[in-house]
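Each in C-alpha cells, the structures are laid out below.
Next, two complexes with chain A in common: one pairs it with chain B, the other with chain C.
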Partner chain A sequence: MPRLGRDMLKSADVVVVGKGPAAWLAAGRLLSSGRKVVLVYRSEGTYPMWPGDLSLGNPQKNRKDASIDDTGLGVNEARTLLEEVGIECRQASDGESYFTLTPTGARRPTSVWPAWMYAEREPQDLIIVGMRGLPDSMPYLQARKLKMGKGIEVATCELPAPPGWNRDWGPLRFASFIDTEKGMSWLISQLSTALAGTDPSFHVAIPQVLGLNNTCAILEEIEEQLGREVHEFGTLSPSVGGIRIEQRLGNWFAVNGGRTVQGVVASVEAGPLVRLRDGRTLLTGAVVLATGGIAGGGFEIHPDGSVYDPILDLSIGKVDSLTDFEAVGYRSVGEFAESKIFAVGRSIAGWHPNRDFNGGAMLASTVEQALLMIEETA
Partner chain B sequence: MKPLAKADACIKCSLCVTACPVYRVDLEFPGPKALGPDWWRRYEEAKVPAMPGVGSCTFCKACEAACPVDVPVAHLIAQHKSIEQKPLIKRLRDLVLSHPERLHVPAALIKLGKPFAPLLEMNPKTAWPTPSPVNLNKAGKQATSADNQVAVFVDCYTREFDSASLAAAIAVLSAMGYSPEVIGKQAICCGAAAQAAGRVAQAEKMAKKAHDVVSHELGNVVAVITLNATCDDTIRSEWASAFGLPQAAPVVSFAEFLDEHRDRVPDPVPPADSIIVHSTCRSRAARGDGALLELSELMGFTKISSLGLDCCGAAGSYAFKREHSAVSNKLVQRAGRYPGRLLVTDSGTCGIHIAEQTGANVVSPAELVAMCIGSEVDL
Partner chain C sequence: MLSGIFHLEQGGAVRVVRGGGTRLNEILSGKPAKVAVIGAGATGMGVAVDLLLRGVAVVVLEMNEVGSGTSGRFHGLLHSGGRYVVTDPQAAVQCAIENQILKRMAPGAIEDCGGYFVSTGSDPEYEEAWVKGCEQAGIDVTEISRTSALTEIPELTPGATRIYRVPDAVLKGFVMLKYLLSKIRELGGDVLEHHEVDSIEVKNGKVCQVSGQSANGRFEIPVDAVVNAAGASSARVAELFGVSLNVIPSSGVMVVLANRHLNTVINHLGPPGDGDIFVPHDKVLILGTTDVAQADARPPEPSRQEANYLMSQGTKLIPNLFSWRVLRAFTGVRPLFGQLGSQPDNRSISRDFKVIDHGEADGLEGAFSIVGGKWTTFRLMAETAGDCICRWLGITTASQTKELAFGPSSSRKSGVGPVLCECEGVTADELESSRNPSSVEAVRLASWFAMGPCQGTYCSHRVIGRTFPDEYDIKIHELRQERSRGIQPVAWGENAQMAALMESVRCQGLGETC
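Take a look at the complex of A and B:
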C-alpha cells in the first residue's frame, strides 16, 4: 500500500536546500528563468541578520587561494532579481568603488545596495542621526571613526526614545513602530527638529529602522516634508533590511510558482533524490546545497573538532581553532557536479566573509557558477 | 511542568522574534524569545510568575519553525501561559473554548446573540461562525475495496459549523473514485485548542482519547484526510512530537491529497480567473508553503496571488476572546481589503476572520474544488 503523505514524490527541476541569502538568490534566479523550484528548509536563514547590500570586500584580497578570479560574478544578475521582486537598487559602475557605513563608523565596499541604503563613493560631509534607546546607536563614536583623517565634517544628532519605548525595544520594534502612521509622524517631527538649522548640503544617515512594509513611502514623506534625502545604514542584528528583502522575495517566490517545504534533509541520493527525515522524498533534476556550512549549521562539528556533512554523509575536515573556519567546506561549487549537486554560499571553503566583508560577492559568485553548471548539465 | 527536549538550547539569535507576527503588531508583546526560552531559564531557577502579555501568543508556531537549534519556543510559551493568573470568568471561558468537541454548547449560546458576549469575556465585535452541524449518519459511505478507501477526519469546527466543507470533501473524493469514510463521528478533539491556550495537560489527555478513537475507527485506509490546518498539524506532528502518539495511518491535508492524486481529479472549470490564497500559519510551520497555491493552479485559476500574511490573527478561538480583539484585527488588516474576491484558506475560523476583515468571499479547499469540478453536494 502506498504510504501517502510520508513517501510523497514531487518532482522539481531544482531543489534548493537552505533559507539564507544564497538559497533565496539561487531559488529566485532559477524560478525567474522558468525552472520549477522547491526550496527545502529546516529553519529561518540568516537574512534577518544581514543589512541587505551585496558587500564586495576588497577585490584584491578576496579568496587569495582561489584558482579563478570569481569576485564580481553574478552581481548584475543578483541585482536584476532584487529589482524583479520590487526592491529598487543602486549599483557601482565598473571601476567605481562605493562604500556603505557600518554602525561603528567603518566604510565597507559594496557593489549593489537597495535604494534606501546609504552609500558613498568618496568620503563626504554627513549628518549621522542617532536614536536614543536603540541598541548600539552610538552616533558620536561612529562620527569620530568615520571622519578620522578624511578631511570631512561629520555632525551628529540624536532623536529621543519613541513614545511607549522600553528597554526591550530592538531595531525590529523601532521599525514596526515607524511603520505605523503614528510612528511615521513622530519620526518626521523629531527629524525636522533635530535637523533644523543644519547645512542642507550634508547627506543624512539614519539607523536602518524606517519601517518594514512602508519604507519607500516613509522615505518619500521625509523628503517631501523636510526637503532633503535621508538614507539608512545597517544596524547590528536583527537587521531590518534583510527582513524586508526576505519578506518581498518570499511573497514573490510563492505567487510565481515557487514552492517551499519545511523539513530536515536526511540525505541526497543518486537521481538526485532528496530525502527528508519525516520520509517525504523529492525527485529532482539538480540539488543546490545552500546550508551555510559550519557557520550556518549545515555541517556538524563534533567535540573532537571533526566536521561532518550529514546530508552527503561525508567527513569534511577538522577544525582546531576559529581561524580554520574558512578552510573547511566543499572545495568548489561543482565538487559533486557529476551527481548534479552544487554547493553555494558559505558551504564553500576559501571564502571568509567575516574577515573580508565580502559575503555579497561570495553568494553572487557561487550562485552564478552553480547556475551555469546546472544549465550545462540540463 | 512537562520537561521538553531542547528547552534550554536557546543561543539568543533572536530569529524567532523576527518571525513572530504578533511582535510586529503589538508593541507591548515581549516576543517569543523573552516569553519562551528566556522565561523558561528564569522559571527553572526561581519559579518566577507569568509575564504580562504571554496570553497574546497565537501559538502559530512561526517561532519554532524559525529556530535554528530546535528550541520548542511555542511549547515553552504554552507552558508559560499555564501559570498565568486569570479571573474566574476568563478561566471558565477558556475551559469551554478549549473543549471544542463540546462546541454545541457555545453554538447554542451563539444563537442567543452577542449581547451576552462581554459578560463571558468574548469579543462581540468580531464575526462569529454560524452553527451548521454535520449530520454524521448521512456522511460517508461504505468502502467498496481497500485501495480506494480514504478516511476524512471531522474536526470540531467542521462538526458544528461547517457541514458544507465536509459535504464538499466527500463529493469531491467520491468524484475521484474514492470511497470516503468519516472518522471522528464521536465528539472528539485532537487537543489543538487546549494546547494553544496553555492547557497542556488537558491537551495531552484529549489527544490520547482522540488517538484511541481514531485508531479504533480506522480501517485499512489509503490516507486520513484533514480539512483544517491546525488539526492537521496537531494530528500529524504534535501527536507524535508532543504526546508520543504513533500515527496509525498517513495523515494528509485535503489540498495535498488532491495534488498527489491530480490524475483522478475531473476537469475543473474555475468560476473566475483570479483567486487569493492564504496558507494558514500552522500549515506553513508544519510542512511549508505551496499546497493551496498548487491546488489553485490545478483548478485552472490563472491569476493566483497570496494574502501575504504569516498569521491572520484568528488562531482558533483567539480572535473570539475579548482581550485579543485589537491584535487579531491588526494582524489581518495588514493584508488590505479585497471585497467580493474569491479567497481560499485551510481553516474555518481563519476563514471567518479573513472574510470579515478583507471583505473577500472565503471558501475552504474542499468547497473550492467542489465548485470548480461541479460536484453535487448534499448532506
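Take a look at the complex of A and C:
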C-alpha cells in the first residue's frame, strides 16, 4: 500500500483513463461542471476513426441496466458539451430517425450530428460530389446504392484533383488544403462549375474534407457564393469529422484547466490512487475507466480466449469468436462504485453498437450514469 | 469463348495414332497434339509449360482461380531438402536438386535468404542421421557457432545446441504462378479460370473430349489427352476417368505473424513435426504447420485451438513467440499420395510424387494423373509428366523446362494513385490495369490489397467499390467473411484489438451489416 501521508496532495477530483469518445465526453462534462479533471491516456483514442455523430439506435433494443431506464439518458448533456466546445449540432426529435451517408452509399441511422454533416430523414434527390484523387470518393457506387428501389434521383459529378495533388493525399491532406484561402477559392470555383445548371432543389453531399479548422466558414462561404447548402458525408482513415471534434474538445479542455497526462495505468489502488507504470501516482476522488474494452485495448485477450483487465487485475470472461467480443466487459457502470471506480463506454458488456447503431446512446448513457454516481459519492 | 488454338468443335474427335501415325490435327492446328490439363496450380501450369515447350497445344482448365488451391496456400518454403533427408530421402534429393534449378530459373520469384536447422539436443541419434543424410543427398550444410547464431537471431531459444546453415529459400508462390501463366500464354496456350470439368468423353478406349461448366455456360473441348493435376481434388477428377486414386488430403494450419522478425528460414532439427518451421515472407513471417488427414479436399477453417497449439509448438524455437503480433491463420491441403492407414501417420507418407498413365494402369488411353509432390519439386513433376505424356503421344522432343529463365521480377507499377491500401501501397490505377478482373480474389492476389496489418478494414470498400460497384454488397460481404475466418482463430493480443476495431469501422463507419 502506498503511504497516504499529508504530503500526498490530491491530483484531481476525477481521473479519467482513456482518450476515446467516452473518455472525452466524461472528462469534458466533469470539467464543465467545475471538477478538477486529469485525463490519463496510453495512446491516441479512436475519435479519428468516427465521422462524429451520435447514433442512439432503437431505444427498445438498447441495453438496459436493471435499475436504470437508459433511454435517451445523457444525450442532451452530450449535445450541450459539443456545442459548448464550438460544434453546432442538429438533433432528430423523439421517435424520428435520420440517416447519414457512408462512402459506400449505405444509409446509417443517426440522432445527433454536427451541422456540417449530411443527414436525411427520407431518401431524397441528391447530387453527390466526388473528388478525384480521394481514396474514399466513389460517387458511382454511392449513387447506385442510394437509388436502388427508392424512386429518387441521384446525380453525381466529380471535381478534379486539387492543384499540387499527389498519390499520398489522404482526407487530412485534402482538408488542410481546403482550409487555406487558396484551397477554399479553388473548391468554390470547382463547385460552381460542377453544379452549374443543376436543379437547386437537390441537396448536395460532398466528402468530409471541407477543412479542419475553418469548416463552418467554408460552408457559409459556399452557401453565400453558390446560393445552396452543401453537407458532408464521412470518409475514413482518418475521419476528418472525428478529428475536428477531438481537436475542439482538446483545446477547450486545456483552455479551461483540464490536464492531460500520457502514461500507462498500471493499477488503481485504494484511495483511489492511480498508479502509472513509470511510477507516477495520482491521488483522486474518483476514477472513470474509459479504456474502450477490447477495441480500445483496455482488455487483453489471451491466446486461449480468456479476457483480462490489466488495470483492475481481473479476469473478465472468455471469448471464442469475434461475435463474443460484445458480451464481455464490466457488468455495469457502478460495478466498482465502492472503490470509487466507474466504467463507461465500450468496456461495459452487453452493448452492441455495431449491430444496433447505438454507439451514441452507449456513450451518453454510461457517462451520465457515472456522473450521477460520482455526484452521490462526493 | 475459347481463344487461340482451341475451338469448340462439334464431335471433332481428333485421332492420334500412337507410334507416329498420321495426326489429323496437325493440319488443323499446326500442333502435333492437344492436351487439356485440369488444375491451374503449380503442377498443372508446370505441366502445361513443359508440354508447350515440346510443341504440344495445351489448355489449362481451372475450376476456381490460378493458385486458389494448395499452390496459393503454403508456407512459402523452397526446401533445401533438409527436412526430408532422414524420413524421405527420395524427396530430399529431389528438393535439393530442384532448389538449385529454381533459384537459377526464377530469381525474381525466390528470396535466397538461406535457412537454419536448429538442434536443441533432444534427439542426438536423429541429428547424426540428419548430417549423414544431408551429405548423401548433396545438400550443402555448414555448421555455424551457437554464439554467432544467437547474435544473428537473438530471439532464438538459448536451448539451441547446434545450428546448421542450409540453402533453404523463400518461394513467392504467386509470383512464380504469374511467370508460368504468362509463359503459357506466350507459348500459345491458355489458362481458363472458372472452368470446371465434369465429364470426360471416351471413344474406342481413348479420351477424346473434356466438357464441363463455365461462367458462360457449357464448354466442350476435343483433346488427345487429359492430365489430372487437380491437387487435392485429383481423386474427384480421377473418378471422371472411372479410376480411383489414393490421394489423401492432409491439412496444415499456418499462422502469419505481422512482422518479419526473422531474415532466414528456421527449422527445428528433428523428425518433421508441428510448428517447427518459420519462413520470412516479404513483410511477414509464417509459422508452419500441422499435418492432419481429412476426407475433404477443401481446406478446413482453422480453429483457435489449432492456432494456439501451433504457436505453443513454435515456442520451442522462439520462446518469446507469443509476444509477436499475429495477423491471421490459414490452412492449406497437401494432396499426399499414398495409402491412408498404411503409415503410422501422415508425416510418413512420402513427399515424392507419381505420374500415372491410366492407359497402362487402367486401360484408358490418353488419361494421366500427377499426384503427390511438393511446390519445390513442381518443375521435376512437370518434366516427368511431360516425358510420360509425350512418350504416349509419340513426341520425342526432350523437356526444356530446366533451361527456362523467368523474370526479372516484375516489380509493381509505381502507381499514380490515389493510394487505396496503405498497408501494401496499392493504388487506384493499379486496379485499372487489371481490367475486367474475374473476381475479388484475383484482384487481391494481383495487387495484394487486404493482406496487411489492417486486413482490408480501410481498403476493401475502396477496391471493391471501384472494381465491382454493381455487385458491391455481396462481394464486400464475401471478402469480410474470408478475412475474418483467418483472423478469428488468432484473435488475441493486438490482433484481437485490431479485429474489434475493424468490426466497428465497417459496421459504424461504413454501415455494413453486422
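Operating definition for what follows: the second predicted complex is superposed on the first by the 355 of 378 C-alpha atoms of A that agree within 3 Å, B and C clash if a C-alpha of one lies under 4 Å from a C-alpha of the other, contacts with A are read in each partner's own complex, and residues count from 1 in each chain.
Note that a residue touches a chain if its C-beta (ideal position, glycine included) is under 8 Å from a C-beta of that chain, and two chains touch if they have at least 3 such contacts.
Computed from a prediction, not measured in an experiment: that's the story for all the values here.
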Exercise. Clash or fit: what happens to chain B and chain C when chain A is overlaid?
Worked result: fit
For this session: Identify the partner contact of A:Tyr118: answer first if only chain B is touched, second if only chain C is, both if each is, neither if none is.
Result: neither
For this session: Tell me which partner A:Trp50 touches in the superposition: chain B (first), chain C (second), both or neither.
Result: second
For this session: Consider the C-alpha centres of chain B and chain C from the C-alpha centre of chain A, and write down the angle between them to the nearest 10 degrees.
Result: 90
Exercise. Between chain B (first) and chain C (second), which does A:Ile243 come into contact with in this model arrangement: first, second, both, or neither?
Worked result: first
Exercise. So, does A:Gly164 touch the first partner chain B, the second partner chain C, both, or neither?
Worked result: first
Exercise. Touching A:Leu134, do we find chain B (first), chain C (second), both, or neither?
Worked result: second
Exercise. A:Phe202 contacts which: chain B (first), chain C (second), both, neither?
Worked result: neither
Exercise. Looking at the overlay, does A:Phe174 come into contact with chain B only (first), chain C only (second), both, or neither?
Worked result: neither
Exercise. Which partner does A:Phe233 reach: the first (chain B), the second (chain C), both, or neither?
Worked result: neither
Exercise. A:Ala254 contacts which: chain B (first), chain C (second), both, neither?
Worked result: first
Problem set entry | If touched residues of chain A are counted for chain B and for chain C, the larger one | C
Seminar exercise, completed: Once both structures are superposed, the least CA distance from chain B to chain C in Å comes to 5
Problem set entry | chain C-contacting residues of chain A that also contact chain B | 49, 168, 170, 237, 297
Problem set entry | Interfacial residue positions of chain A with respect to chain C in the complex | 46, 49-51, 55, 102-108, 133-136, 138, 140-141, 144-145, 166-170, 234, 236-237, 239, 293-297, 300-305, 319-322, 325, 353-355, 357, 359
Seminar exercise, completed: Seen from chain A, its contact residues with chain B in the complex are 1-6, 8, 40-44, 48-49, 164, 168, 170, 172-173, 176-177, 212-213, 237-238, 243, 251, 254-255, 257-263, 297
For this session: Name, in rising order, each residue of chain C that touches chain A in their complex.
Result: 304, 307-308, 311, 322, 415-420, 422, 427-428, 458, 461-462, 465-466, 469-470, 472-473, 476, 484, 487-488, 490-493, 496-497, 499-501, 503-505, 507-512, 514
Problem set entry | Residues of chain B that touch chain A when the two form their complex | 13-15, 17-19, 23-25, 27-28, 30-31, 34, 65-70, 146-147, 220, 222-223, 236, 250-252, 256-257, 260, 284-290, 293-294, 297, 304-306, 308, 334
